[in-house]
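Listed below are the structures to be examined.
There are two complexes below, and they share chain A, which is joined by chain B in the first and by chain C in the second.
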Partner chain A sequence: MRISDTAIERLRAAAEFPDLSGTRYRLMDKLGQGGMGAVYRVEDSVLERQIALKVINILDDQNQLAARLLQEARVIARLEHPGIVPVHDVGTLPDGRVFYTMKLVQGRRLDDPETALGGESECLRSFLKICEAVAFAHAHDIVHRDLKPSNIMIGPFGEVLVMDWGLAKVLGSSHHRDNAGPDDAVVGTPGFMAPEQERGDSHVGPLADVYSLGTILKFLLKQRAAEPVSRRLTAIVRKATEAASAARYASVQELASDITQYLQGGAVAAFPEGPGARAWRWIVKNRAWILLILAYLVTRTLFILWRRFS
Partner chain B sequence: MMRQERDIGISGRFPATRWSLIESARSPEAQQRQRALDVLIAAYWKPIYKHIRMKWQKDIEDAKDLTQEFFSRAVERDFFASFDPGRARLRTFLRTCVDRFVANENQAAQRVKRGGEFQFVALDFENAEGELRTRELPASETPDDFFAREWVRSLFEMAVEQLRRECESAGKAIHFELFKSYDIEEGGRELTYEQAARQYGIKASDVTNYLAHARREFRRIVLEQVRLSTASEEEFRNEARALLGFEVKG
Partner chain C sequence: MNKVWLGLALGGILGIFDGLTAWFTPAARAQLLGIVIGSTVKGLIAGVLIGYFARKVNSLPLGILFGLSVGLILAFAVAAMPNPEGKHYYFEIMLPGGIVGTIVGYATQRFGAGTDLATR
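Showing the complex of A and B:
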């Protein structure tokens, strides 16, 4: 039988497809490929809906990766937040591979050139939603460790979802497990991971995520290259991405707070200003009222003068 | 002396020892060398023939002779003595040997004679030539890319044929037909499971199970073939990952 070039690709995909026989899921197509797993669109035949199924595509004789995938599912299951994709089910396929299912997310990744980012305010509001999801995770002792534009999804209605918790780390005294694999002394993505991650430091904490969020903010601002970036925003990016973790924002909430202040025209912690600059900013922020009051004063003065001289 | 069979296959069960292909090709026992040669021919004759035709622009008859003589000489003259599995894939090494062999033959300007101590099955050169005519060659494709793709094609063809035989002998012809419809033929993925179920008189849930069985068996057969045609654990893992998106971790 002759195998065409397109048939080669179909056969490759077919050989890789997970065996879903005996499960309630029906395979539809492959959505993407991650470090240790692939994600497929499947149909849940019981609830009659389409969901996503993530499965390891590495034959793992010692079950280390199975444990990691299970850990990933458990991490996500702990985080019930609108910015984090919910996990539905977890199990083992007939071919021995561990899988979990989750909500099928429609949308585009932040690094997709066709993702519509909108104006500066809209970009920053989307960024705040990312911060909210990450701060929520930190409040539950979970550090993402792989935040980057390709792990952020933007839905068709502006929803923001933080994806791929495969490298997440659970902190805390009784559950301090670094679930990096035996070959992963350094976890994260170059260009987005904090210096302490690149060095392979053993105590990588929430401040590493602060750094990564700073790189995402930088990415967002760069995407709007046609518009100049204000000095205050640049200062925020700089503070979030300081090489020394102690010099960064102390938490994701502090970073988010500065972004909120910026949006409201208020003072930002990352950009100290003198009294003159503060006063000018106060004037710009309240110019509508100032102009109204000035207009009133001018009108009243003119009226008084007219009365006196007429 | 040429045998009359049209099938290209492995003449006997390959030794259970992994990656003994190269050692067997160098064995003092003639039967062992013949078996190694059979494995090499089965996995590589088509990509080598096509490579000689495309890169060296040999006509059909010269390419046929060169293909067969290459395999004879490879074993007779122990081309594998210099092969280091840590430095290159077996197929890359073979392609380099083929190029050197053809270049030398060009210089000698002699037609090579077929034969020697080995027996060859009839190779389906007509089929290979037909595939070349229908193949589109992107300008950016390097000789290595071409050879790699033809090796994959050859591997998959053997695996599909073996799957067909196994399914038929196990009374699972429908399993193979579904696999062929969905995963080989054009437009197969547009067929819904319900349509396929009606076509074959089975339940839609059976379509899922039958396809899963066929794909699982196909994967197993391909991995077996890759093991036979690679020369080290590392090469096998790399090829398995590149071919199927699977990585084997020990």
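Showing the complex of A and C:
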């Protein structure tokens, strides 16, 4: 029997859009497709709000992906931070697929060409917010392992959200539980993951996220190609993306601290300066003071000389 | 240190310094103590006013403008005081006075704790 194209389209649509009957959610539209699942916009009929629902939509006969999705939801649920999308609910669809719901993020991804990044200071402040979220995760023994511009969302009011914790790793606890997530073969995205991740090292830790943050910073600075990047900022990127993890910043907080120092015109750890350079930087930072005091001294001196010689 | 105390301290220090520069004018050396005291009091009054303004208005341009205005007005008041020689050195007193007021205005806007109102 030959199946018509219309029937094939209907079957494809049925596979693409999950059956949410029996749940409190009503399907609205599809937002995106990831490696193992798709994200949909749904309406919560109880709370009467729109949220996002993530569900596996590829074959998972050994339930491995279901376990991963559940682990992802649990990881995000542990991280209550303004920079991390909150999880609302976890459940099972009538067809047995696991899903979880989360806050619907209205915004643009960092790698979207239409994302307005603003000037250098604004870019760096947005980057600091990413660092805050990642540092929070590290403080809860969670390493993201897939930080990249497409996993960062910028909201309409400038809020920054770190998304897609599907490859996150829970670090060793007192029970040496060193990952309840995906297989440690090679996880991450080429171009943004640390060398130790590319090699498939078994003990990938927070320093891998430091490397990825460095690549995100490099990406942000490249987006503003028309403006030259200062040597101090270049040194910060270089230190964060050192191939040897021991040569990088020891933590995300250290990286964030150097960025903050840079924004305030202070000394950055990644760029050692001689006395002359430090003095010049101090002068530039306090130039308003210096010019005012110089103006006063020059004025006073001129008046004294004028009175003396007139 | 809050903005009023900062203004007071800075205005007083700059006032002392401003008064001491009269030493470079031989004719004024005899009255140096009075000049320093007067200049210090002027600096303290200006500092308190400018610091109080900075506490109420968080705006660098307005703070500088207010400081300049207060510095000029108080310096004018000093320059206009009767002088045994009958001369008034408005320009020589008001210009440095205005700059001192500007310095205090800038400092109290940039530094010091405590702002009562939102930023403009």
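Basically, the second predicted complex is superposed on the first by the 284 of 310 C-alpha atoms of A that agree within 3 Å, B and C clash if a C-alpha of one lies under 4 Å from a C-alpha of the other, contacts with A are read in each partner's own complex, and residues count from 1 in each chain.
Criterion: a contact is a pair of C-beta atoms (placed from the backbone, for glycine too) under 8 Å apart; a residue touches a chain by one contact, two chains touch by 3 or more.
Note that the structure is a prediction, hence the values are computed from the model and not measured.
J.: Look at A:Arg300 in the shared chain and tell me whether it touches chain B only, chain C only, both, or neither; answer first, second, both or neither.
T.: A:Arg300: touches chain C, not chain B.
J.: Going by the contact rule set out at the top, does A:Arg2 touch chain B (first), chain C (second), both, or neither?
T.: A:Arg2 contacts chain B only, not chain C.
J.: More chain A residues touched by chain B or by chain C?
T.: B
J.: So in the complex, which bits of chain B are touching chain A?
T.: Result: residues 127, 130-131, 134-136, 149, 152-153, 156-157, 160-161, 164, 179-180, 182-186, 188-189, 193, 208-209, 212-213, 215-216, 218-219, 222, 243-250 of chain B touch chain A.
J.: Give the list of chain C residues in touch with chain A in this complex.
T.: Residues 18, 21, 24-25, 92, 95-96, 99-100, 102-103, 106-107 of chain C touch chain A in their complex.
J.: Can you check the complex and tell me which residues of chain A touch chain C?
T.: It is residues 288-289, 292-293, 295-296, 299-300, 303-304, 307-308 of chain A that touch chain C.
J.: Which bits of chain A are touching chain B when the two form their complex?
T.: Per the touch definition, chain A meets chain B at residues 1-8, 10-17, 19-22, 26-27, 29, 33, 38, 57-62, 65, 94-95.
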